[in-house]
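Below, subunit A partners subunit B and then partners subunit C, in two separate complexes.
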Partner chain A sequence: MKLIQIPVACFILSMFFVTDAHAMHISEGILPLNWAAFWLAVALPFVAYGLWKMKKMSSIDVSFKPLVGLMTAVVFIISCMPIPVPTAGTCSHPCATGISGILLGPAMSVLITSVALLIQALFLAHGGLSTWGADIVSMGVIGSFTGFLTFKAFRSFGAGIAAAGFMAGLFSDWATYLTTSVELASGISGDAPFFPLFSKIVIAFIPTQLPLGILEGAMTAGMLRLLYNKRPDLLVKMRVLRPEEAI
Partner chain B sequence: MKFQIPYFIFHIRRILLCCSIALLLCLSFQLSAFGSEWKGVDESVVKKFAKEHGREAKDPLINTDQGDLLLFVFLLAGAVGGFAAGYYWHVLITEKVHRDIKKDYSLSAPKDK
Partner chain C sequence: MEIFSEYIRKDHLLSQVDARIKLIVAFSVLMMVLSYKGLAFPIMVTLFCLLLCAKMKVPLRLFILRFSEPMFIAGVVLLLKVFFSGEEVLFSLDISGFRLSAHRDGLADGLLIAGRIIGSVSIMAVLGFSTHFTEFIAGLSWFRCPKGFIEIMMFAYRYIFVLLEDAMVIYGAQKNRLGYSNIKRGLNSFGTLAGSLTLKAFEHSQNTATAMVQRGYDGSMPMLKHKAFETAEIIGSVLLIAAMGFIWKI
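What follows is the complex of A and B.
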């Protein structure tokens, strides 16, 4: 990439941000304190494991750091980039945790997602500090692990890197919103039955997230294909490809 | 007279990609003018269901949602994030290629002498 393309990319990306924050992160105060604490308790061990993994990987391979930096920026930007969905008349955003889960591994992906979510909650009025744990679980833990496992599963069935990447992006996005629905329904249902409310929330998410999931799948496949063309050795190093598959 | 292929033909894929991105941006902004309020799913789904069940969103700890301040913060975050992504992409792709070329040169140089 030529240096001149960096400011051009910045400009294009920044155009997406000239709008209010429309997000799927659960906002401050939506979840009761006990549920917020529960989701934080679920999320923290994953974040701690991610920290340990990061320390271990950095000591083994210094070239790992630019990839972590790139993926952190990508997750941060994409997870607060509102995309209008004409079929629904609403806006939402992809998560990019599928691609980060594939490239860095799910543990590292949880860590970088938690950092991105913390910055968004603190400075962008996007998500919340009390709901940080719930947002980490839905976007970081479920999104990353679903993306990673889907990619591995499809690869083991003989799918190509782009096809497996597409399915990983698609399922990681949908799984994230499914988990958000679980968190929301369990937190706000009170004495009311869980499943009717849960299904109502899922149905309400479908018109927006169905096309966005496909977009996220295409984006994941495109990024993997691009890296495959430019740096197949990196994909081998990150165990995304087998050495014999790299040209 | 010798026929020459115009230079831009060699960059046709890049030109098409740039045009598609520009068209997509224009279309998304244009569509937003015709559509409804284009609320985020946080409002149209999360906050709506929460309100129905007696839960309201609170102001964030650092409330940047005040007039154009939020636009500024988002623009800043987009620029910094975009720069970081571009910088690390450059480190991963371009510098790696340069390093490899230099390494090959330094290995082959003594043999030439």
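What follows is the complex of A and C.
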């Protein structure tokens, strides 16, 4: 038995510390059919609301649809960018749903995420078609709403735009990670109890996701700071800033 | 971005098949893989899909890149199930005083999920490697996917490559100026890069809207027209689904 200990231990360590980690996307096929259908049913009303809102907005401003499409491309690119996570020695990727929630609102952000996820699932094997609903719920719905609400809450307490952006990025990332853990644990626990497996999944991804949340927070703050310095008028147009704050 | 399926050649037999047929077949087989309670069917589907990928001459590097993430996740799930789920002990490990037990029933469950992942990813790989984005979009519109959703997909797909090129230019400039020499500077640089992309997205969207309006854009885009289904393709797909269904059932 001693002989198999070394390779098995090496394999376990290599799984967690060598390969790039893509913990935010639930891979194709992980969830059984019933859970895949459940999460899709949860996600679809949010996507439908996003579509309805986009139709309404684009009837007022003809450039709104191209803007949503381009923001989708931005979210797609950012969520494909590998970022080194020093504590884990791996690369992971930010979600960028917090910032899209802040800039275009959570409803639009859910739509943006759903489109980006579908393209990633079909052409990059990043996420999946069967796990599309679960990924929309964790990254789109929870990530966007948490980012948006956190930003609004911190701004109402008088926090600066960068500080509020940092907290929004941080919490949206961590909320996404926790929701992904819930989805994974519920999908793969089978007949076993939910909570022991859930806690192990949360612990397994802590080395990657905790620092990644901080990185996502810093990224969100950096983006907002740049927009504030270069184009405060855009932030006013998107109701991120009040007109008097942009001067 | 080199792993994007669009980059591989698409002059093989499967690329000639109607995207709607491919979508129906892929979706049906995917449902079978997800609902199957064993390992044999996903393995068979995986082998069949690998054979198709080989026939399509998918470059090995692209193939490995495409499967690396799902394989990694399948491995993590397998380990989680083996070591943290189940009751019947298979063997135990002693790692620096920490006792870890592998379970036979956990291994069976883990293999089932890993098989499901690899089977499903293989199906999606064949679909992605054999279908152009525009055909896929046309297929989705035939399935009554909301028009707004399809339009956003088209805009996004068009601008992914434009923005990616911008991102590479900015990243190269930042790197040359030691923008990623330590963690703090790296974070600042990444935030600036992401912010610049957002700014470019705004500028492009304004320019795109102006150009489109000048060409008669009224808020909705025309979709590809569908050709009629070919009888041979329908019969072929029905036979394939029936054969898969038969194997799935036994």
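Going forward, the second predicted complex is superposed on the first by the 215 of 247 C-alpha atoms of A that agree within 3 Å, B and C clash if a C-alpha of one lies under 4 Å from a C-alpha of the other, contacts with A are read in each partner's own complex, and residues count from 1 in each chain.
Basically, a contact is a pair of C-beta atoms (placed from the backbone, for glycine too) under 8 Å apart; a residue touches a chain by one contact, two chains touch by 3 or more.
Everything numeric in this text was worked out from a predicted model, so none of it was measured.
Chemist: Is A:Leu149 touching the first partner subunit B, the second partner subunit C, both, or neither of them?
Modeler: In the superposition, A:Leu149 contacts neither subunit B nor subunit C.
Chemist: Looking at the overlay, what does A:Leu197 touch: subunit B (first), subunit C (second), both, or neither?
Modeler: Both subunit B and subunit C are touched by A:Leu197.
Chemist: Where does A:Thr208 make contact in the superposed view: on subunit B (first), on subunit C (second), on both, or on neither?
Modeler: A:Thr208 sits against subunit B, while subunit C stays out of touch.
Chemist: Taking the superposition on A as described, I'd like to know which of subunit B and subunit C A:Phe123 touches: first, second, both or neither.
Modeler: Touch partners of A:Phe123: subunit B and subunit C.
Chemist: One more residue to check, A:Arg225. First (subunit B), second (subunit C), both or neither?
Modeler: So A:Arg225 only meets subunit C here.
Chemist: More residues of subunit A are touched by which partner: subunit B or subunit C?
Modeler: On the superposition, C touches more of the residues of subunit A.
Chemist: If you lay the two complexes on top of each other, which residues of subunit A touch subunit B in one and subunit C in the other?
Modeler: The answer is residues 1, 5, 9, 11-12, 15-16, 19-22, 27-32, 66-67, 69-70, 72-74, 76-77, 80, 83, 86, 119, 121-125, 128-129, 184, 188-190, 192, 197, 200-201, 204, 230-231, 234 of subunit A.
Chemist: Considering the complex alone, what residue numbers of subunit A touch subunit C?
Modeler: 1, 4-5, 8-9, 11-12, 15-16, 19-22, 27-33, 36, 47, 51, 54-55, 58-59, 62-63, 65-74, 76-78, 80-81, 83, 86, 96, 99, 103, 111-112, 114-116, 118-119, 121-126, 128-130, 184, 188-190, 192, 196-197, 200-201, 204, 215, 218-227, 230-231, 234
Chemist: Across the complex, what residues on subunit B touch subunit A?
Modeler: For this pair, the touching residues of subunit B are 21, 25, 28, 31-32, 35-50, 53-65, 70-71, 73-75, 77-79, 81-94, 96.
Chemist: Which residues of subunit C touch subunit A once you look at their complex with the stated criterion?
Modeler: Those residues of subunit C that touch subunit A are 1, 3-6, 27, 30-31, 33-35, 42, 66-70, 72-77, 79-81, 83-86, 91-95, 102, 109, 113, 116-121, 124-125, 127-128, 133, 136, 146, 148-149, 151-160, 162-164, 167, 183, 187-188, 190-192, 194-199, 201-202, 204-206, 208-210, 212-213, 217, 219.
Chemist: Where on subunit A is subunit B touching in the complex?
Modeler: Subunit A residues touching subunit B: 1, 3, 5-6, 9-32, 66-67, 69-70, 72-74, 76-77, 80, 82-84, 86, 89-92, 119, 121-125, 128-129, 180, 184, 187-190, 192, 197, 200-201, 204-205, 208-209, 230-231, 234.
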